[in-house]
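Presented sequentially are two complexes of chain A, the first with chain B as partner and the second with chain C.
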Partner chain A sequence: MKNKSLSFWLFLTPTLVALALVVFIPVLEGLFYSFTNWDGLTFTKVVGFQNYITLFQDKAFINAFWFTVGFVIVTVIMLNVIGLGLALLVTQKFKGNNFLRTVFFMPNMIGGLILGFIWQFIFTQGFQALGNAMHLSWLQNWLTDETTGFWGLVIVTVWQMSGYIMIIYIAYLQNIPNEIIEAAKIDGATAWQRFTKITFPMIAPAFTVCMFLTLSNGFKIYDQNLSLTNGGPYNSTQMLAMDIVNTAYNSGNFALSEAKAIIFFIIVAAISLLQVAYNRKREEDL
Partner chain B sequence: MKKNFWKRLGKRVGVIALAAGAAFMLAACSNSSSSGKDVKITILQGKVENNKQFKQIAKEYEKSHPNVKIEVTSIGGGTQYDPVLKTRISSGNAPTIFSLAGPADVKQFKAHEADLSDTKAAKAAQPGTLDAVKNDQGKAVGLPFNVEGYGFVYNKKVFEKAGIDPESLTTVDKLTAAVKQLDAQKDQLGIKGVFALPGKEAWIMSDHLLNLYVAQDYNGNAQKLYKSKTMAFSKNADMKTMLDLQKDYSIKPVMQMDYSAQVNQYFSQGKTAMIQQGDWIYPTVEGIDKNFAKNDIGMIPIPVPGEEGKLPVGTSLYWAVNSQKSTAEQKAAKNFLDWLYTSKAGKKDVVDTLHFVPAYKGYDNYKMKDPLTSVVFKYSQSHETTGWAFPGYTGTSWDPDVAQPNLQKYLSGKQSWDKTVQNMTDGWAKQQKSANN
Partner chain C sequence: MDKKGRVGFGIVGILLGILWLFPFYLILTNSFKTPKGIFASVLSLPHPSTGDNYVNSFKALNFIGSLTNSLIITICSVLLIILCSSMAAYALQRNHSKLSGAILMLFISAMLIPFQSVMIPLTANFGAVHFLNMWGLVIMYLGFDASLSVFLYQGTLSSIPIAMDESAEIEGASRWQIFTKVIFPMLSPITVTVAILNIIAIWNDYLLPSLVLPQAQYTIPLQMFNFFGEYTKQWHLALAGITLSIIPVIIFYLFAQKWIIKGVTDGAVK
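Moving on to the complex of A and B:
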């Protein structure tokens, strides 16, 4: 990249301008506004770190944070376990595995908002009717408290995204050379040994990618949250992204919302990068 | 080096040509309007359900006033309107006429609000309807769209079958007795519950129900409540009685029910005797069952001790005129609003096209089109009304952040009523302390 001639910069300019206009400038502007009392229209004074102090005392934000953390932990584990499980299943040689791939991937083609509404119907009408008919109390009153709201969100997310994670695992599973597996078989390795000692290490890069995707997606989720529970009841299932949006648009507290968004950005970026760095290192070790 | 020269020149020429083209297009865009003394007014308003009607009225007005052009944009749902208006203002594309929801908006957009107290419409406004939109100088900066009212919307057939006259349920005791009687005959009456209380829609409790027990402390004046450092909430025990009554005799589970379940699924299909709602549900009910809507529904006030027989009637949106537009444009905007509410043709549109219950004097000979607005019109004409104080808090963060979650917590049985009241009044005091207004 020594030859940074005029044409080099000319070709780069459109991208740089676009990126600056829609990413860099808004982020910097947002960072600035988070230090003011901006109301979405004007600001009258710079308040320093006041918004950052307020947000750490904001019960709703802290609640949303822990709710989101719990959600991320559960969904990351479930998505990767189920995604890998499905991938292993459909890479076996049997009739109809292509059909199953399509079926498992299908939920991912439906938008999150619509999915949320569909599942809301299933939870509140389907589960209710089933619970009434079979006298199972755990099937009744879904989405009316924090616990069922939490598991409702988990179910919808896992149902939607595991097909996508499956596809990534499939790609890596198919890249494992057959010779290695056969050699292991001849050496007398059991199916479990072949999986833990060969397959799993070979798909470590897929693991890094999927962890990253599920982690950042879990933190940033909004549409399912909106259409399934809308944060209710009593804001107990409000996740970070929704809390940020509501702080701005429902409560009209734009500056505080900006501060929350900055903190949110730092958290997501830090966790995702840490995770990628750690897994990359592990990949090399293997 | 030299080899590349022509190539590079070619590229440069290309870029320059592109830039020139873009500049030309920009110039062409900004140079489209301005011909003669025609005035164009733009309207951005928050009552999205009347979008079609407002556009129709604008066309009609353009016909009778050929030098005025009107462009109507409607943005729905209280929560999305403000950000759009803010964006329009900060991008230099501010509307001439916009809507305000209450005192919080009056404060927020004060740099853009023209004094409307000298308009014909403001002079014709019914007493009290301008209280919520007076600026710091005491001048009215908003004109009410209409007045609306809420209470218990009831199913006439269910009450007839049970032999109860809904109009006689004027006190809490009478209402409670009737509710118990209806509940006992649930199966014969073919209803699933006496009420349908949508626990998911916190605003039904935090805005409409709460208002009944807070408004009296502030004479029903939203502005007064908005400026109050504390919230008295002296009638909270009465609110608990009414909320409990609705909750205990509602179709269950309450916390799963939303607005569409309440209105579309249960009330419109005769599965409940009454619901706490307002005249705005009429189009929805009509959309499901025209005959039912026309013949079989009515509305009674929610009995509040000390205020029996009065319907809470108020305004949810006001027109404002942008003071930063040219004088000609402001004048045209004011003329349009005056025409709409005080001229003969305009009045006809207000009542017949928009189905608005007028917030203005001079509508004595008009008749409302549907049973619910007729009830509101009747109460408002005879001044048997109480005010809406809740616009004094709906625009503040107290409503979504404090009142709604706390009331939902109480409904879910996770929190006692005393704690709920405590949290709500404390939360109000905290907000008002930091809001310096």
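Moving on to the complex of A and C:
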């Protein structure tokens, strides 16, 4: 198909128009508005970097930033360890391994909003009942402070996404030729040696994929946050995405919200790009 | 592997499986209890059990209405995404020029932009032309989800030899005929992947539709959010509502599991 041909442009136009209307034009508008005193409808003056200065003095934003960073660090580690663990388990030959795959992946089909509601019940009613019955104080009063709110969000995310990460590791594990493992066995390698010397290096590309997914998903989480804790108590469990939404729709600071969203965009994009570049390099080094 | 090892893995597997399913068990059993029953014991089986919670939450959720809205929005969006993104990917893949390379980069860079960076101007613009409704939403999904779909189609198209196009062209087929009769049918495996990924994402989406849809067009997650806000201290109703709202998803999962696993793998790995 030639550039100049009519069909080239006819095939491309619907998608390009939608992409421009939905992503590129709004993001440029948002970038511009972040330098104004926009109120969602109109603006009266350009304020330079004022919104960006305000944002770095905004306690809610700074809190949300550190809360999100902590959440991402913990979930990236747990999801990759548990996801890989589940993948290694269900790729062993035993009865019911296929059924287990179905079970582990199931939570991933349900939306974050409803998952948050499910776990709100379990944390506030189920944990409470169990804690009362067994006299365990750490199971009581979940979601009423920052610590249990944090771990509540971690548990929901791990329950939801482990199966997804498992599926990706399985895809790479199945690509390892059986002969290599068998040859190592004959040479007397222990199970641990086979894992560290063969399996682990051979699934290096899976790490790139899974780290990328868990990192960027972790930063962007909103639905679970909304339905599980709604940022409470006192905004202590509010994550970045929620802070941006609330700055606009609850406080009416649309220009400030846009500035926050631009910083959010830079953080997410920078991490994604750095991470892909780093993993590419590491794979080559192996 | 020796027999002992298999039994060991089996036991670990069963325990983890129970742990994973336990939340579903709690939701399901408690949804059949009376408020007193839940208060008395969360962990026990329901006795006496009642179906009233389902009757009441079915009405309060306007379940048939929200299910219909969810179905219309998801099906229309996914069909539009499949059609438009496969066409776009075809044009880009069969055109080797700097321009098509640049356009592909544009698609990929759009994937890096988080939703929060566009949401306010986007809804303001669509509002200005009175498009804050399900049809506006369908167009928005095309814009947000086309990038990944174009990317997936593009990868598969590169493995279809251009000789296929050329021989059809010699027989006098137009570009549109070549695409619909020759190329698109060969893309079916990746079309299934594109469909699965978008169905899951769109069906479960909350934030975007909450900013776009009028109440009459509420989808299941939106209706569920409102419902939960109203009945927050009435767990017996809320749990029946939760169960109702995940039934369609579980049915879809059990029937289409094979394709879902493949689709999710392709979407992440490619």
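Annotations for the structure displayed:
The criterion applied here is as follows: the second predicted complex is superposed on the first by the 276 of 286 C-alpha atoms of A that agree within 3 Å, B and C clash if a C-alpha of one lies under 4 Å from a C-alpha of the other, contacts with A are read in each partner's own complex, and residues count from 1 in each chain.
By definition in this document, contacts are C-beta pairs under 8 Å (C-beta built on N, C-alpha and C of every residue); 3 or more make two chains touch, one makes a residue touch a chain.
Values in this document were obtained by computation on a predicted structure and should not be read as measured data.
Ranked by how many residues of chain A each touches, chain B and chain C are led by C. By the touch criterion defined above, A:Leu113 reaches chain C but does not reach chain B. In the superposition on chain A, A:Tyr52 makes contact with neither chain B nor chain C. In the superposition on chain A, contact of A:Asn246 is made with chain B only, not with chain C. Once the two complexes are overlaid on the shared chain, A:Ser7 sits against chain B and chain C alike. In the superposition on chain A, contact is made by A:Gly40 with both chain B and chain C.
Contact with chain B, but none with chain C, is seen for A:Leu143 once the two complexes are overlaid on the shared chain. When the two structures are aligned on the shared chain, A:Pro233 is found in touch with chain B, with no touch to chain C. In the superposition on the C-alpha atoms of chain A, the part of chain A touched by chain B in one complex and by chain C in the other spans residues 7, 40-41, 128, 248.
Residues 1-3, 5, 7-9, 11-12, 14-16, 18-27, 29-30, 33, 40-41, 86, 89-90, 92-97, 99-114, 117-119, 121-122, 125-126, 128-130, 133, 159, 164, 167-168, 170-172, 209, 213, 219-220, 222-223, 226-227, 241, 244-245, 248, 254, 257-258, 260-262, 264-265, 268-269, 272-273 of chain A are the ones that touch chain C when the two sit in their complex.
Within the complex, the chain B residues that touch chain A are 8, 11, 15, 79-80, 82-83, 86, 89-90, 104, 108-109, 111, 199-200, 202, 253, 255-256, 395-397, 400-401, 404-406, 408-409, 411-412, 414. Only residues 1, 5-7, 9-10, 12-14, 16-17, 20-21, 23-24, 26-27, 30, 38, 41-43, 84-85, 87-88, 90-92, 94-95, 97, 99-100, 103, 106-107, 110, 112-122, 124-125, 139-140, 142-144, 146-147, 150, 175-176, 179, 200, 203-207, 221, 224-225, 228, 235, 238-239, 242, 245-246, 249-250, 252-253, 257, 260-261, 264-265, 268-269 of chain C touch chain A when the two sit together in their complex. Contact residues of chain A toward chain B in the complex are 6-7, 10, 39-42, 60, 124, 128, 140-145, 230, 232-236, 246-253.
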